[in-house]
Structures are given as structure tokens and as C-alpha cells.
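Chain lettering (A, B and C) follows the sequence in which the chains are written, and residue indices restart at 1 in each chain.
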């Protein structure tokens, strides 16, 4: 018979793993719990990744994202070492060797220059960085808020739940762009502000409803009961049990949040309402300001920027769809 | 379709029917060389463990197979007409009009967004059983009276019915076109015992009144014994024993059937030890060679592993597919 | 059903009220106050400024001003638009609102119908190149950057093919000596289309009660009569060419908005159909010997429709936003363009008015979608 030793009363309970040794005694496994959790996490990540890889959609999306990420990463290097900063800076550069701007694509300017003399390719790459930062920041805010609010609403129910669900309904029904148009026209909205606002609206909106339903299904599972019986408090259960199980869904929503954040910023910049130094939407706005919006012959002013926005949004959306199949096994092809 | 009472001896004659499912892992031999007959007015029971192929046989009879289900051979003679040879649009006219089906968990057979009356009427209209709305209405009322449902429920939706009522509605729907043959797939499994008992009696009455044949599929032997004239026992996709209810119950010839009968306690009669069948049914992706029961059979010989036993008449219309049939008789009432 | 309706409407009114409060507070929270537009004249001394502010009621707290605004609004006074001075806000809204409503309704109905149809067919015929191609096109249209897409449409259809005008509401040359107002023609257009739609719906519900053989011919003949009557009316009214001009300018915006929105519905319908086709009642329908087309359209599609209607509820805001962008690209003078222009010049009364309109439209669409869902799914009517 293995001997069970009781911990002294007052010592905090810490889970330990043990196994039965050859003589039937209990041997405590010394590997700390976090290492074991990490290993399990890694293994589940590997198997999920395999499922993800099965779907060509996810791969295409991932490839596009990596391509853009590469562009964003390489841009500072190019500016420092390869390009002449005065000419190629996306915001203040100007090529004075060419008389008429916007100039068509040439050897020096692969995508031509914009009406203010700035290199379009450089703008595109810098815009990639802006898009990524904005998108990921906004998505992070959205997911943090949605997961926390969703978990709390599901766990506590009652007034908290009703309040947040009604708020979410209100946000879903409001056309965001109209609202943001008004806000950015009346207030000075910069880069970080925009990310936070988009994140806030997204996090308290539709995402929280879906995450809350998922949290509800987790809440009624047996291991939650078990945790409570073992003495876990509310905070412990929420943060150690419910939220980790919500993370796959949250991660999924991050993808969709990035898509909407990038698209929203692009639209607002296009209307000239934002206080941003350079972004893809701003490129199109500059074109409009200069009167070349409908000028087919100056295609390089609009085409690359619009295409970039579309492709990056689509890429994140595709990755999100592929992840959807990982998270919801029912959607997988049989 | 005209229902001429022909002079064929059997209403339904299934001959060497074989059907496979094509799956990623290979071909699943779900129905293998199955033969049986059903006369007019007769109730034929089909029993066996889950996965033995009973439902597959039913679906094959109606040619309602999914895309990966293929009939590999055999014949299904309905009044002399081979259904296997029919094209899909011809088969559609046979369905419901001559053979109808009551599905397992019948409650889900009803479309939740349409009224029950609409769902029955569409079958009537498609098979040209009625020509005007009044005729349809009359027929609906007759059907509901037949199964014991109130007429006012006709214009309600499925979710407004109780479980037992839904079952009756589904029966009414199956009888709508006055088919020659009704296949009932576990019609009472999802109901509680009392409702089950009532329903079984009523189905028996209905059948006698309308003179139709029935194939009654169940894994519950007690229910089958109550309702059926003849019983077919299936195992691992094959038909291994056919006989009258009395023959199969009192003198099971196949070791499997013997095990099946002995596994049920009886309230009346002397106490006896309950038998159990060790092991599990085989994987139909790769079934055993020869007799498919041989891995579990306590009487298996070397020959059983090599030769497939064929259904043989051992006297009085009692068929068995075994080379070493049982001889003892059970004291089952 | 009635209780359901009452509850929904009450909820909507409450939400709308909340929306109004938020909008007003938000707009009011801008740095400075909206008196700056009036009062930034440096020639005014601080004392004069204070007196002016007091007389305009700008020194009162937000909630008090809101209540006053609300009171005025309830009587139909939404203030006077700065940028369209001296037209009252309500006047501008009355002129432009029908246009946005028409754009929204038409684009929504078209995109959902086409999307649903496409998704239905796609689900029934799985696999193969068609499915792959449509999915890719669908995703592309769903995620495309709308302003860019609108520009591409203009480039293609207006510049290159010359089929449609570049933008705007009407062609000034056609209308130079018109005896009628553009807005009148437009309203009449909307009215006739609306009446025709009502007649169509009536025709189809009536024909359901007929005996089987009579249904299709009645529907065909009835539809034909309605369409011919519509054209006859316009041809004989003498306003035909004006109405045609308006429609000509309406075409590209509607097409753009429809294309962008239909893909989402198509993909959703396909998935929904695939799920529905696995249900038992589909098998039962097959067992009844019904032809494939009936099973697909009558049994599967009706159930598959439910998640699509739900998605519409969520998509209303998205479509409205798309409308704003489309109106801007095509310079089509609806409420969306009005909102943008007003915001840019900080015409506060107009901005608030436009947002109020948007809110009402969103809520109404939401309500209609809810009712539609209850109509389609009998299980939900009694909750």
C-alpha cells in the first residue's frame, strides 16, 4: 500500500505528480508542473499545426502574411543601407532628379513616385509595418477584452452578463465606419488611439458573445466542478481553467480582428480623417487630393496600395478560416 | 403506379443481395449475399446486433444509399420486378408508393419548418394519390384517425407534438400512399415501454386491417417476438437464420441465434443460467474468412474458417447458414 | 407572435434611445464646443462670446442640452445644417434618406438572393473546379478593399467600356429642361417598385392555396402582368427617360455593393446546406421518392436559410458601412455621403441628424430580420 502523507494544515496546496515505485512507495516526480504543461502545449500545437497544414487555404494565407512581414522587416534595412534616405523616405523623401511627379515606374522607382515625389514602393513597405502593428495591436486589445469579458459574463451571469450582452448587441448594430468617421472628424485620432478604439469596439462587440457561449460550455464541464471541490477559488477557476480553454477561439478571433482593423484604418485614411504619417489608405487619399483618383494612366498610385490592403486582409481571413477548422472539428472535410 | 395483385408467390423476394460502402480505409462489406422473402400480409422481423447490416438492408431495398454505397450484386424482386435494375427516376415512383419506411428515431424524420399535414400531402401529390386539395384533406383525416391522432394536430408543427404522437404521425406518413410494404426500422426504440407496448399493438392491428406487409427491424428480441410472423437473424452483414417466430425462438439452429435467445431472461418458466456471447462482432472492412461467426463460435471447426456456409432449409421453412447447427431446444415460452 | 413583436419593438426603442444619448454625448465631447464655428471670429470680445454662448444655451450641462435637443427632435426640429444653410437638417434628411434606403434595400435583397441561390447550387454539386473557383472568387470579393474595388468598377465599366456614368445622381444634360424634380421622379420610382413587390408577394402567397396543377401557370401569368404594367406606367407617364437616367446612375453603385456582399452569404449558405443535408428529414424526403430538386429547394434550403437570416442581422451594419463608402466613391448623394461631408466640415447638427437616421435604419433592418426569422422558423415564435 502506498503511504499517503498529509500536508501540514496551512500550507498552500500545490499539485504534484507522483507515481508508484517498484516497492509500492510513492515517488514524487520532480519535474515542475509548468514544464509538463509546456510539453503538452507543444504536442497539441504540433498536432493542430498538422491539421492546419492539410488545408491549402491556411497555407496560402500564411505565405502571404510571411511575404508582407518580410517586406516590413527589410524596409528599415533598405532605408539605412541601400537607399538614399533623402530620396526614398516614405514620408519626407523626394526625388528631385525627376521633373514631373507622379512619375511612372522606372529602374530607380520600381513602382513609380506619388504626386509629392515619394517612392511608392518604399511607401508600400512602410505601410506594411504600419498595417501589421495596427492590426496586431488592435487584435490583441480585442481578444484580451473579449476573452476576459466573455469568461466573466459566463461565470458570474446575472447583471454583468446582461449588461455586456446588451452592450454587444448595441455595438453590433452600429455601423462602425459611420461612427468612426464622426469620431475621427471631430477628434484628432492618431495611430495608437485608433488601434485602441478599434480594439475596444471589437472586443466588446460580437466576439464577446461567441466567446461567452464557448465559456458557458466550458463552465459546465466536470473538471470545473472538480476544481471547485478541490478548493479552487473563483479567480483560480476563471484564470487557470476557463480562460486557457478559450484561448484557441480567442486566437481565431485575433485573425478576424486584424482583418477588420486593417480595413477600417485604410478606409478612414482614405477619407483623410486620420492623423497618421503614412499608410496604404493614406496613399490613396493623397492620390485623390492631387486629382489623380480616376486617372487610369497613373495606375501605380492606386493599384499597389489597394491590392496590398486586399491581400493582407484576405491573408489573415484565410488563416482565420483554416484555424476555424482546427478549432471546430465539425468543419473539417471528411 | 398501379398496384395489381399479381400471382407471384412472394411480394418481396431478395436474392443474393450484396452491398458495399467505399471508405477511405477500404470497402466495407455491409450486406453480403443476403436472401429472404416476404409474403403479402406477412410481418418479417430482422434482428441482430448493432452494425450487423439490418438498416443497410433496409436502405438498399429502397436504394437510398449514400454516394459511397454500391450494390455489388443480387436482385430485389418486388412482385416480380427487379428493383436493382431500375433507374433512379423509376425507383422514385416505387418509393413510398409501394415500399415506405419508418426510420429509426422517427422524430427527426419530420422537417421542423413545415406543418405535418404539408409533409404528408407532398407525398400524396407527388405520387398522384390525390388531385384536389379537398381530396388531400380527406385522406389526411383518414390517416390520422387510423393512427389515433386528433385532426386538429394536422396543421401543427412537429415540435408541437409529443414523442409518441410524432411516432404516430410518422406512421401515418408512411401509410399515406397505401404501400404494399412498410419497413419499420426500430420504430419503438426511442419510446418508453408503455407507449411502446400500445404502439406495437396498434401497428399489428393496422397491418391486419390494411393487409400490407411489414419488415420490422429491431435489436430487441422481445419486441420482435410479439409482432412478427417470421424472423430473419443477421450477423456481420449476412443472413444466418430464417424461420417462423416459433421455430427461431423455440429451436434456434445457429449457434449465434442460440446465444441470442439464451441471453434473455424470461419471467415465466424455470430459472436457468444466462449465456453470454464472448467477443465482438467483426470489423466489416476485413471480415473473417469462411463463416463470419467462427471467431466467437464455441463449436467452430477448421472447415468453418474456410467455407462460407449457405442458407439451407432444414425442414418446415426453417433456414440456417451453418454447417454445424444446434440441436437442443430451449424452453422459451 | 404578437408578444414577440411587442417585446422586440420595445427593446428596439430602448436601444435607440441609448444610441441617441451616446451619439449626442460623443459628438458633444469634441474638444471645444460646437459654438466654435460661430464664435471663432476674433473680433468678438470674450464678454460677447460669453453672452452669445449663454443665449445659445451652450453653458448648460450636457444632459440638459440633450433633453432639449430630444424635445426639439420629437417635434421634428433637428436644427439647421451649417453646411447647407439655411436648410433645416430634417429637410436634407428627407431629401436624401429615400435614396440611401433604396440603395440599401436593393443591394441587400439582391446580394442575399443571389448569394443564397449560388450557395445552394454549390452545396448540391460538390467538388470539382467550380467549387474551388467560386470559393476563391467569393473570398476575394468578401475581403477586397471596397474603395479600391469601387474604383476598379468605375475604371472598367465607365471608362473602358463606357457603359455607365462615372458617378453622381443624374446627368445634368438630360435634365436641363425637365418639367419635374429629380427627387420626385426618384420617389415615384421607389413607390412603383415597392407596389410591384407587394403585388408579387401577394401573388405568390395566394397561389400556394391553389390546387397543384394551377399554381405555376398562375404565377407565370401574374408575374408577367405585373412587370408589363410597371413598364407601361412609366412609358406612358412621360417621365420615362428621366426615370431611366436615374436608374442608369443607380446601376453601378448597386452592382458594386451587391458583389461585395453576396460572397459572404454564398459561402455561409453552402456550409449551412451541407449541414442541413445531413439531417434525417432529408433522408426521409428522399425515401418519399421526391425529386432531388424538390428536396434541395423545399426541404433543405428552407432550413439552411435560418443561419443566413441570422447572419443578416449581424451584417446590417456592415452593409450600411459599405453603403457609405459606395456613395462616396460614386459621389452618389445619399445619407452616407452626407454624413461624411458633414463630418469633414464639422456641421454638427447635420452629423447628429445623419447618425440618427443611420441608427433608425439599422434598428429597423434588425427588427425586420428578427421578424423574418420568426416567420421562417416556427420553433421560435413562442419564446
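As a working rule, a residue touches a chain if its C-beta (ideal position, glycine included) is under 8 Å from a C-beta of that chain, and two chains touch if they have at least 3 such contacts.
It should be emphasised that the depicted structure is a prediction, and the values quoted were computed from it without experimental measurement.
Chains that touch both chain A and chain C: there are none. Ranked by how far their CA centres sit from the centre of chain C, the chains are topped by B. Here the two chains linked by the largest count of contacting C-beta pairs are A-C. We define each chain's centre as the mean of its Cα atoms; on that basis chain A and chain C are separated by 30 Å. For this pair, chain B with chain C, the centres built from the Cα atoms lie 54 Å apart.
Those residues of chain A lying in contact with chain C across their complex are 166, 169-170, 172-179, 181-183, 185-187, 206, 259, 263, 266-267, 270-273, 284, 293-294, 296, 302, 305-307, 309-310, 313-314, 317-318, 321, 331.
Residue ranges of chain C in contact with chain A, taken from their complex: 15, 18-19, 26-27, 30-31, 139-140, 142-149, 151-152, 154-155, 159-160, 166, 271, 314, 316-318, 320-321, 324-325, 328, 336, 339-340, 343-344, 346, 351, 354-355, 358-359, 362-363, 366. Those residues of chain B whose C-beta lies close enough to touch chain C in the complex are 62, 64, 89, 91-97, 100-101, 103, 105, 108-114, 122-123, 125-127, 131-133, 157, 159. Remark: chain C residues 209, 211-212, 279-281, 283-291, 294, 298-299, 302-303, 376-379 touch chain B in the complex.
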